[in-house]
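Right, one structure below, let's go through it.
As written, the chain order gives the labels A, B, C and D, with residue 1 at the start of each chain.
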Amino acid sequence: MLESYIKNKRREKEILLMTHIVLGYPSFDDCFQIVREMVDAGVDLMELQIPFSEPIADGPVILSANQKALANGVTVQQCIDFSKQVVRSFDIPFLFMTYYNILFQYGVKDFSSMMSDAGMYGAIVPDLPPEEGEEYLQAMKSCHLSPIFIFTPTTPDERMKKIASCGEGFIYCVARKGVTGSQTDFTSEFHGYLERCRKATTLPLALGFGVKDKEDIDFLTGKADIAVIGSQTIRLVDQKGVGAVGEFIRGLRSQIKGAEK
Amino acid sequence: MLESYIKNKRREKEILLMTHIVLGYPSFDDCFQIVREMVDAGVDLMELQIPFSEPIADGPVILSANQKALANGVTVQQCIDFSKQVVRSFDIPFLFMTYYNILFQYGVKDFSSMMSDAGMYGAIVPDLPPEEGEEYLQAMKSCHLSPIFIFTPTTPDERMKKIASCGEGFIYCVARKGVTGSQTDFTSEFHGYLERCRKATTLPLALGFGVKDKEDIDFLTGKADIAVIGSQTIRLVDQKGVGAVGEFIRGLRSQIKGAEK
Amino acid sequence: MDHRGYYDGFGGAFIPEILVSTFDELSAAFQKAKRDPDFWQEYKEIMSTYSCRPTPLTFAGNLTRHFGGARIYIKREDLNHTGAHKANNVIGQGLLVQRMGKKRVIAETGAGQHGVATATMAARFGFECTIYMGEVDVRRQRPNVFWMERLGAKVVAVKDGTRILKDAINEAFRDWVTHMDTTHYVLGTACGPHPFPEMVTYFQSIIGQEARKQIISREGKLPARVYACVGGGSNAMGIFSGFMDDPVELVGVEAGGEGLDSGRHASRLSSDDASIGIAQGYKTYFLQDSDGQMKETHSIAAGLDYVGVSPILSHLKETGRVRFEAATDRKVVEALSLTIQKEGLIPALESSHAFAQAFVEAPTLSKQDCIIINQSGRGDKDIFTVADAFSDPGWKEFIMQKAEEYNA
Amino acid sequence: MDHRGYYDGFGGAFIPEILVSTFDELSAAFQKAKRDPDFWQEYKEIMSTYSCRPTPLTFAGNLTRHFGGARIYIKREDLNHTGAHKANNVIGQGLLVQRMGKKRVIAETGAGQHGVATATMAARFGFECTIYMGEVDVRRQRPNVFWMERLGAKVVAVKDGTRILKDAINEAFRDWVTHMDTTHYVLGTACGPHPFPEMVTYFQSIIGQEARKQIISREGKLPARVYACVGGGSNAMGIFSGFMDDPVELVGVEAGGEGLDSGRHASRLSSDDASIGIAQGYKTYFLQDSDGQMKETHSIAAGLDYVGVSPILSHLKETGRVRFEAATDRKVVEALSLTIQKEGLIPALESSHAFAQAFVEAPTLSKQDCIIINQSGRGDKDIFTVADAFSDPGWKEFIMQKAEEYNA
């Protein structure tokens, strides 16, 4: 379902864009506004992060958004309600991104059913390696949801295959060591890594961590299926406000190329 | 020499008075004035304390006088000069009281010669038990000076005899445990102690530590040969000035008794 | 990674994919070291020449008489180099780091004890060292920060989250996912993803091994009970592991803070306020809300002020092998005060929790019984907190006067 | 009192007559204990169960490589209970007090280390305890005052004289001449009237006994040199006495303060500023003027800031058996800093004097040689002084902020 959506879209666009917001940050109203701007500007799919108090894999920008959202009193239920609203309002696939404890406290099965009811496509849970994910995998499968798993430069080929066998929809390829939000050097070493990813799976590849401008997207075009813009839009909202998002997104992909098609 | 002076005087008076000053405190001029007041008031002999930085056996009042004198820059030489002056001016026996390091630095022999030249009668060195005093005893002997030794309530009979055999002039009987300047309870236990002292020596007995008023002196009369007033006069000078000394001393001995004789 | 370090459902390794190989490498190095008889020998050797193992078992005669019950023995981890049991763990991990050929270590610290221990180990082994410490703790525990810096460590004040221990752990993980090739994360307690709980317990088990031998040679028998305070659980696991298969009651004492009813505490296993969850890479009892967000905790002892607890202890709670109790801040200061006056020992505020509970129970035991209290660390480090607890006027005056000097 | 404890003219017992019996009693009790084989056994037993004797001998590999000369070993008296070699002396005297049936102990203290050690011993043995401490030191060393009070001791601030260590000694003597029946004066170093120098040396000799055995078992031979700092001389006498009859060079390091030329130091045996005198009950080298008045001394290390020195060391200086050197405050802080960074050890400022001199000499010795430095105590206690020496801004800020809290 998610995989075929991506493959179809890829026939239209050389590279897809996935963006990331932290739910309730700066506020739910702002979030809704941001989603609208993003969708209008051509974003192809979105991660909605349910904030967690211990976001171990996130860098300073997203970390701080998590904390501020929680400080504002954001609850999981509010995040669910919001996701229902955006799914109803916008016609792109939405994924949850959060840490495993959020699912665990909600009840992993219930969480999947809820996602399914809400019309979500899948979830990214960065602290859940497949080895720990038995219950999760079953629940997601039975609800026809995509569990998105992660490749990293430190993942051996063997393990990539194993991970890919658990994942659905696409594989999230982390561009480099480190956390979200810092700079990535898209160098030659990086090619070797992406090649390894390609060999390990037939699933589409999303590439994230440090993607921040048109240059990065141009570089990734033809190499990955999806470019993930994470911290950069949050930083943008922090600095220039919600209104700046649309223009930023529109500037990321070469319009000419898009038009040529 | 000193012993015979005391024995002679005792024929005139039921009890003799020995007083104590710290040289250079409050000043040498004041000291001279105090000596004059004391001699005029009938004091029979005097201890002149050369201040020392570590007066281990002295209580708070004399300790503080030592320190203030030193802080004023009092030197051993000044003390010697002063002692020469009072010996010339007043006709009672004067003794040095000080700690052994003062003698040791001066040179024990030289110190004795100097004392002899100055017309001093002897010395009290409270941190020099006879066992440590070989050089001192020889030097004092050769200068015909009296080394005053000390009995205390903790001194066994045997040891009293030994001490007495080294001492000359008189024995300084410390009334109680503790340092100079605190209150003494002249109780019955005290009688036993004084009896022990008497038995141990034929030398006159001076009694000090805590003697402070007429009542104490009355109590000691007939039991000791000399009553030693130490801290009390220093306290008096501190509180009422030099001028109060004469009256205080005069009030100590029952004039009637003195007159009766 | 095959054996995932589960203890009846507690534990595991909930780690970002980027760290999986690092954990595999660490697990392999640890398992290899464990199989190598020379390794434990080397470990014991360095602990006995660099620190003072075996640490003594002190008979507390005055406390025993005071309470009139069981004979009270105290295991003296406070005499370790750097003043706490933390030394056992850091030196053990230091040896592993050497074997893995890494050159840099990082660590989190709350009270600063583990930070000082790690910085000390790093100096001794010649490793580069960065310590993460919540900004609040940096401010509270300046003496330890000072020594860490003197030891050559970089101390990073973590300004995110609640700016205390758990946030320092998160930040250490963030460093690790960036520098895992050169860097080992020296986790300070028997928590975190597998193999940390097992590994830290392994190194700390030296406490229990010694204590068992010592009490048997002194008393000719096993103790009736063994008491240890429980922060992350490393000193408790360390001493308990020596008596696990014996008929000995094991008592873990958590931070009761201002009382279990107040909500201001850090009792995960002795209160009903905690529930099972997954955070910081492992599954255990956490103090969390119904959404799974971690709560703020409170304890007078910085080292016990933590939301999670060793998964092995959660397991031992469920099986009933270990009994868990809580001691309030007030009782802890009382126990500290009594121990100082009666025995001339100054337990750390953390350790004083174990003393407080033992003091409640000692009088109810027979004079034929003996008990062991684990004195996990020394209390000099706590002077700022203890002086405040006693509201000591001389101390306040001293500090105000020092401040004036600095202001001048 | 027959044997008066003279060492070639140094020593003796220049005491007020009132104390003569007390000293006789003490001497007798000490001699009897010394002859009783059980006594040393009992002493060793308590030192190994209450403190952690034998203390380790640590090989300082990094410092050895850094200097490229002799192999450097460090005797770890810092690991003792209460953090210094002072424990050896107070526990030993505590056992004697028990034998003499006295119920109260008093002591002087400068830095506060000996005061804390004595208060600790008193708590352990159930003695009443009063500690005399110069008013200046009370102000400088508040943390130790705080702990002494917690330990149940009464701390008396001595307001007479220069209001430092020597004045505290005088005041302790004043207490003693009043309460000798019930009270023992626990002198803190190998100074004072006979039998203190001999007695304190006897208890501290456990350091040298252990160190000799340890170095021979580690290196198969004796050290070329042994370094110890010299305040009153107890830790130095303690370690030296293990090697007195061996072909080992013994080096005592005094406080060079701001330099021997500055006059602001406390070097009695390594400078020409001292001369033989008699004070505080014994004969030795003192820093005094030509009248015999004691001078003010200076050292960054409160524990070395003293006018006199053990008569036994004065004797060993005259015979040439021990070489004496001085280390300046500046060199001492450098040595401390280097030792922390290279080995993860924090020597007390006092002990750091021994390190400073050893560091000067180690490079000139052969790699086949080994040397021992006596780390008499740990440096945590010195944080206020060391932080000032480093002029640490984080520390100052912390103190100023604490002060504000107290002012509020």
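Criterion: contacts are C-beta pairs under 8 Å (C-beta built on N, C-alpha and C of every residue); 3 or more make two chains touch, one makes a residue touch a chain.
Being a predicted model, the structure only gives us computed values, none of them experimental.
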Centroid-based (C-alpha) most distant chain relative to chain C: B
Centre-to-centre distance between chain D and chain B (centres being mean Cα positions), rounded to whole Å: 38
Centre distance in Å when chain A and chain D are each reduced to the mean of their C-alpha atoms: 66
Inter-centroid spacing, chain B versus chain A (mean Cα positions, whole Å): 98
All chain pairs that touch each other: A-C, B-D, C-D
Chain C residues within the chain D interface of the complex: 48-52, 55-59, 62, 76, 79, 81, 83, 119-124, 126, 139, 142-143, 145-147, 149-152, 337, 340-346, 380-381, 383-384, 386-387, 390, 392, 394-396, 398-404, 406-407
Residue numbers on chain C that touch chain A, as the complex places them: 1, 4, 12-22, 160-161, 166, 170, 173-174, 177-181, 275, 277-281, 286, 288, 290-294
Residues of chain B that touch chain D when the two form their complex: 52-57, 59-60, 63-64, 67, 70, 75-76, 99-102, 104-106, 126-129, 131-132, 149-156, 159, 163, 174, 177-179, 182
